[in-house]
Amino acid sequence: MRKALLALAFCTALACQPAYAQEAPALPPAAPSVAAPVQTPADAYTDMASTHFDAIIRGVERLGRSGEARALAALQALEAHKLLAGNDTVYIRTDTGLVDARTGQNAPADLTGLHPVRLNNRVRQTLASARAELLLAQGTQAERRDALAQIQAHPDAAMLPVLDKALADPSNKSLAGSLNAARAAILLSPGAQPVALSEQLAAVAAIKAQGGLAAKSLLSRAATLVPLAPQTREAAGKAVASIDFRLKLWGYGQDLFYGVSLSSVLLLSAMGLAITFGVMGVINMAHGELMMVGAYTTFMVERLVAAYIPALAPFSLILALPVAFVVSGGLGILIERSVIRFLYGRPLETLLASWGVSLILQQAIRSVFGPTNVAVTTPGWLGGSFALGGLEITTVRLAIFLFAIAVMAALTLVLKRTPLGLHMRAVTQNRRMAALMGIRTARVDALTFGLGSGIAGLAGVAVSQIDNVSPNLGQGYIIDSFLVVVFGGVGNLWGSLAAALALGIGGKGLEPLIGAVSGKILLLVLVILFIQRHPRGMFPMRGRGIES
Amino acid sequence: MSTDFSFRSARWTALAVVVLAVVLAFASLLPQSSALSVSPFVVTLCGKYLSYALLALAVDLVWGFAGILTLGHAAFFALGAYGMGMYLTREIGARGVYGNPDLPDFMVFLSWHRLPWYWWGSNHFAISLALMLGVPAVLAGLFGWLAFRSRVSGVYLSIITQALTYALMLAFFQNGMGFGGNNGLTGFKDVLGFDLTAPGTRATLLALTGLILGAVLMGARFLMGGRYGRLLVAVRDTESRTRFLAYRPEQIKLLVWVVSALIAALGGALYVLQIGIVNPGEFAPANSIEAVIWVAVGGRGTLTGAVIGAVLVNLGKTLFTAILPEFWLYGLGALFLATTLFLPHGVMGLLRHVPRKREEEVTPEITNPEGSNA
Amino acid sequence: MTRPPPLSRRAFTRFTLAASAAMLAGTDRARAAAPSGEPIRIGILHSLSGTLAISEATLKDVMLMLVDIQNRKGGLLGRPIEAVVVDPASNWPLFAEKARQLLSVDKVASVFGCWTSVSRKSVLPVFEELNGILFYPVQYEGQECSRNVFYTGAAPNQQAIPAVDYLMSEDGGGAKRFALIGTDYVYPRTTNQILQAYLKSKGVADADIMINYTPFGQSDWQTIVSQVKAFGSAGKKTAVISTINGDANVPFYKELGAQGITATDIPVMAFSVGEEELAGMDAKPLVGQLAAWNYFESIDTPANKSFIADWHKFTKNPKRTTNDPMEAHYIGFNLWVQAVEKAGTTDHDKVIAAMVGLRQPNLTGGIAQVLPNHHITKPVYIGEIQEDGQFNVVWQTPHEVPGQAWSPYVPETAHLTGDWTAPVNCGNYDTQKKACLGSHHA
């Protein structure tokens, strides 16, 4: 009895698991549980009205082959979730009503019984190819070029006649290179009819000349593709090795870019601290929370812009910069006036007080915005990446890098070229003398702290583009920021720059070798040892007012 | 910063701690029906507070007396805790989930087949005890020797202590380290053959923690009230002058640093015995900062203040996480602000009957960005 | 300066008194309800501050809503239910302390709580010692089967393995190469170990599996995403299986978008990204990326519709999303209510005994049944992320999958089974040695 029960328990725990795995092609929730219809329906539009992905895909493929102008409209509607299905046909939803996709006629705007045509990644993939096929015949020059890139990225043997036809078309003369590359990609992909050896080898050479990861991917597959001639496969293998070598060389440059980009984030987050902590001697543990406030300001500005001046939505990020500077800076002045000013001369106690401030700020944000992340969008012009030689430069990282440089330059200018900067330096170097010369030290203190906090706000705007915007945002940056300032040498902006570069590039250089965590630990240990050798950081500040 | 070298209060605090712990321990053994009975929940809680008080005392020794603001003392506490945790893990033996007599559960789970070398000997209590105190002491000795020799001070020292605990936290978070990764060590059953969940064991552990805390308090009082304590304060207040008088400030500081690490490790070991879990979260830099705040709240440089601060803040945390779960962080933040702004001498400052000369009222004119003796 | 009126001290005293009274008697009561008699207390052990508040604070609200609904239905055994809320503040030892407080001071009938594995592991000894009941609502790594815990989230076989099956299917793109990216803690480690064994059993070579672990809160994903890209250029369809934890997901997906990886090139299947996480992200670059769960807000059933309506009403926010762990709490709470009704008492032993075999309709039209191993049956859905931050279900298991406590794909546990019914009564029964391992006897 006991054994039987046990066996039963064991079976319930195990047996069902492989059982469903074999019934792999599962069904959409509302669909009848029968297999996809066997007979081929009348046309593509009927296919697409199905709830089965197989049928929808077949429909999309047939639309691509059809070459009809209306097919393109249907495909674009499908991509935008504007294609509705019902009564064995599909309708395009427009702003005014429904249009029958098959006929292009207006249809009665009765939405009952209609459902959006289902999409999944496979449909999307087919959709992209089908649209490329249509555009290659109907599109503008630029659209054709994009279409060819799409065809080359996902080569399909059935596309070969289309390409051959396009090659024969004299209007495509300027696209010959792209056309040939796409053709080469198809010749080297599974399902293609074997062609003459010389043509195969030419295809390998053409793809190899393109270089890059996509070419490597294509050639690695070709190297194992049996229908291709052995010589072709061998050539493909060699081409892969050669691309690999080039990728490896470019890889060092890429790591350097990653390092510089990490450095610019570190520098941005540390720069405000270099002012509040480095110049004023306030151990400002609420620095991270001031960044968080900047990030939440970005979120608010984006919301407000979207609500009131939607035309400016793509540029809300730029609008957020001054707002975040003012909000964080104002908050900083408030903190300085209400807390910090009572603690001058007791820097280590500013640590405790500002830690208290940071807890309150965190919880305040949690109370107002809730504990979850908020979504800050990345504007279109900051998205994506571009190639620079073999380097892949992500736009947003490049923008942050440039932004860090700009903030650094502006800060240096403020410190060196403005009366405020002069006063700030005077107060730092010899407070009493400065006061005797008529500088209102209290006001300078407040403004200096405000400046540092405002820069933290700017860093928050930048960080909102690459990281979470949550009440915990500040905690992730505070330790690194302090490390940068201390490692560089307190009170020295250039030291912070050098430290950020060393930590960023060092970290990214170590990451591929020993992993992110071990790299970080190693760096921390190195910084600890470095400070033992150079107790005042890389660029210690010299001067009479500084010595203890 | 003034320092009163008599520490009369420390003696009374030590006595109070011991008496309270022993009384609570006995009360917890009374039958549940008795009016004086104390629930095991309160016993564990008190054990936790007293272990934290040891950490606070350790911080007070280096911050209050030597002027070294440590932002990494939780590292020594956690190392002590891990040392004890390793021993307790080995004590589980074959009673783990997988019934493996040699390997802790988390190693079986990650398909390890052999015990890593640094776990050797952890099944013997004596070796473990030596490790749980020795490792933090050696680390502190090495770190302190390097730092004090090259005269790293003030903020620089604070930040590298923070870097130290941060690096250790990252390391212990890694599952590959063989310390249970994020989960840490837990699921303990026995210590020296006594069932950890038995009321008798709990009561004994609480009484033991109280006794150790009392003994450490008396020891610290003896050390700080004597010649060494005066030297330490001299180093704290004017290190260069002490050096010119042919003392070796680095050696003076190193001694208190290592002693303090030992006390913290002891606190960690006792903490694990009563809480039953140790994980890398204990290394978090925020924990070290919090320990500093306990001392600030209680009053630095007073020994008694450290104990009072640790107990008060943690009691408040226990209460407010239950009563005002959504708002207690405001209270905690406000407490830190209020302490630094209005209670520069902490609770102990309030208790002193005669208000002292306002020597702490430093005007903004005397800024000291390096802050070596704040 | 005006002095505060002398009342303040009295007010303070009153506050402290009230505070201590609340401390002694339990805390933060839910509003009084119609049913009469001594209230039945349940504990809610979710972090309201600290790093985990991001995910856990919502679960506290869901529990309060469920208690509210139940009380309006007349309570339980004619008595009102009262929720005791505590804040373990994302701190593991505090989880254990609060669990002990709930069980021994507040004497709650059951506890709903915990999020990460470590929070569960830290309270486990407390629940076993004090013989409490914990409902754990989060998908987890399995390899545990305690008598005092009911696992209402997914075990690996209820999430990870179906997800891989989907990726290998034609609809999923027929992936041949897998990058397993995770945060370095026990859930990803175990899940990846199980997946690795499973992939090998399906004929995937070692060279086609890449495993990478990152620390918590990883915010710079440049190197890893570029490694994934390079890994994906070997001429085989590549998919990413992500066990990246909460916070680190946003920068990860942002980096994917920045480096131009789309779901049609390299699909990413995530196990920890749900509606709540997506609400904090710009979902446009993520369209088509995948997630495997046992519940999606977008699933159109009457039960789900009314649950979402209740939720919007309760939170007074028509935009609040629902997610998988919330459904797990819904199931867990209703199962517990059933068990108490069946047993006629809140006595822990009797309720635990009454639980096994209970059936509760879930929100997506299926049935959750409590298995002898204290896991439940769950359907598995694969959803694709849509622009509005919701999921479009593209695949589902034909029927509910029973949760496995011990993975058959890990050699050490292949022969273990959990069964808390007589005569086995053991969470880790070795079917080879015919013995209950360790000391987890009832």
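What to note about this one:
For clarity, chains are labelled A, B and C in written order, and residue numbers in each chain start from 1.
Going forward, a contact is a pair of C-beta atoms (placed from the backbone, for glycine too) under 8 Å apart; a residue touches a chain by one contact, two chains touch by 3 or more.
By chain, with names taken from UniProt: A = Branched-chain amino acid ABC transporter permease; B = Urea ABC transporter permease subunit UrtC; C = Urea ABC transporter substrate-binding protein.
None of these values were measured; they are calculated from a predicted model.
Counting C-beta pairs in contact across A-C and across A-B shows that the higher total falls to A-C.
Taking the mean of C-alpha positions as each chain's centre, the chain lying farthest from the centre of subunit C is B.
Subunit C has its Cα centroid 34 Å from the Cα centroid of subunit B. Taking the mean of the C-alpha atoms as each chain's centre, subunit A and subunit C sit 28 Å apart. If you average the CA atoms of subunit A and of subunit B, the two centres end up 43 Å from each other.
In subunit C, the residues that reach two or more other chains under the touch definition are 48-49, 184, 213, 215. Residue positions of subunit B touching 2 or more other chains: 170, 173-174, 326, 329.
Among the residues of subunit A, those touching two or more other chains are numbered 363, 475, 517, 520. Subunit B contributes residues 39-41, 44-45, 48, 94-99, 106, 108-111, 170, 173-175, 181-184, 186-189, 197, 275-277, 279, 281, 318-319, 321-323, 325-326, 328-329 to its touches with subunit C in the complex. Within the complex formed with subunit C, the residues of subunit A that make contact are 1-2, 5-6, 9-10, 12-14, 16-17, 20-21, 23-30, 53, 81, 118-122, 124-125, 128, 213-214, 216-224, 247, 254-255, 258, 261-262, 265, 363, 366, 370-378, 383-385, 392, 394-397, 465-472, 475-476, 508, 511-512, 515-517, 520.
In the complex of the two chains, the subunit C residues touching subunit A come out as 48-49, 51, 53-55, 57-58, 157, 161-162, 165, 169-173, 184, 213-215, 217-220, 222-224, 226-227, 229-230, 232-236, 247, 250-251, 254-255, 257-260, 263-264, 267, 276-277, 279-285, 288, 290, 299-300, 365, 371-373, 384, 387, 389, 392-399, 401-402, 404-405, 408, 417-419, 421, 423-424, 429, 431.
By the touch criterion given at the top, residues 69, 143, 146-147, 149-156, 158-160, 162-164, 166-167, 170-171, 173-174, 285-286, 289, 292-293, 296, 326-327, 329-330, 332-337, 339-341, 344, 360, 362-374 of subunit B touch subunit A in their complex. By the touch criterion stated above, subunit C contacts subunit B in their complex at residues 19-20, 22-23, 27-28, 48-49, 85-89, 91-94, 96-98, 100-101, 104-105, 116-118, 121-122, 124-126, 129, 143-144, 184-186, 189-190, 193, 213, 215-216, 410-413, 416, 427-428, 430, 437-440.
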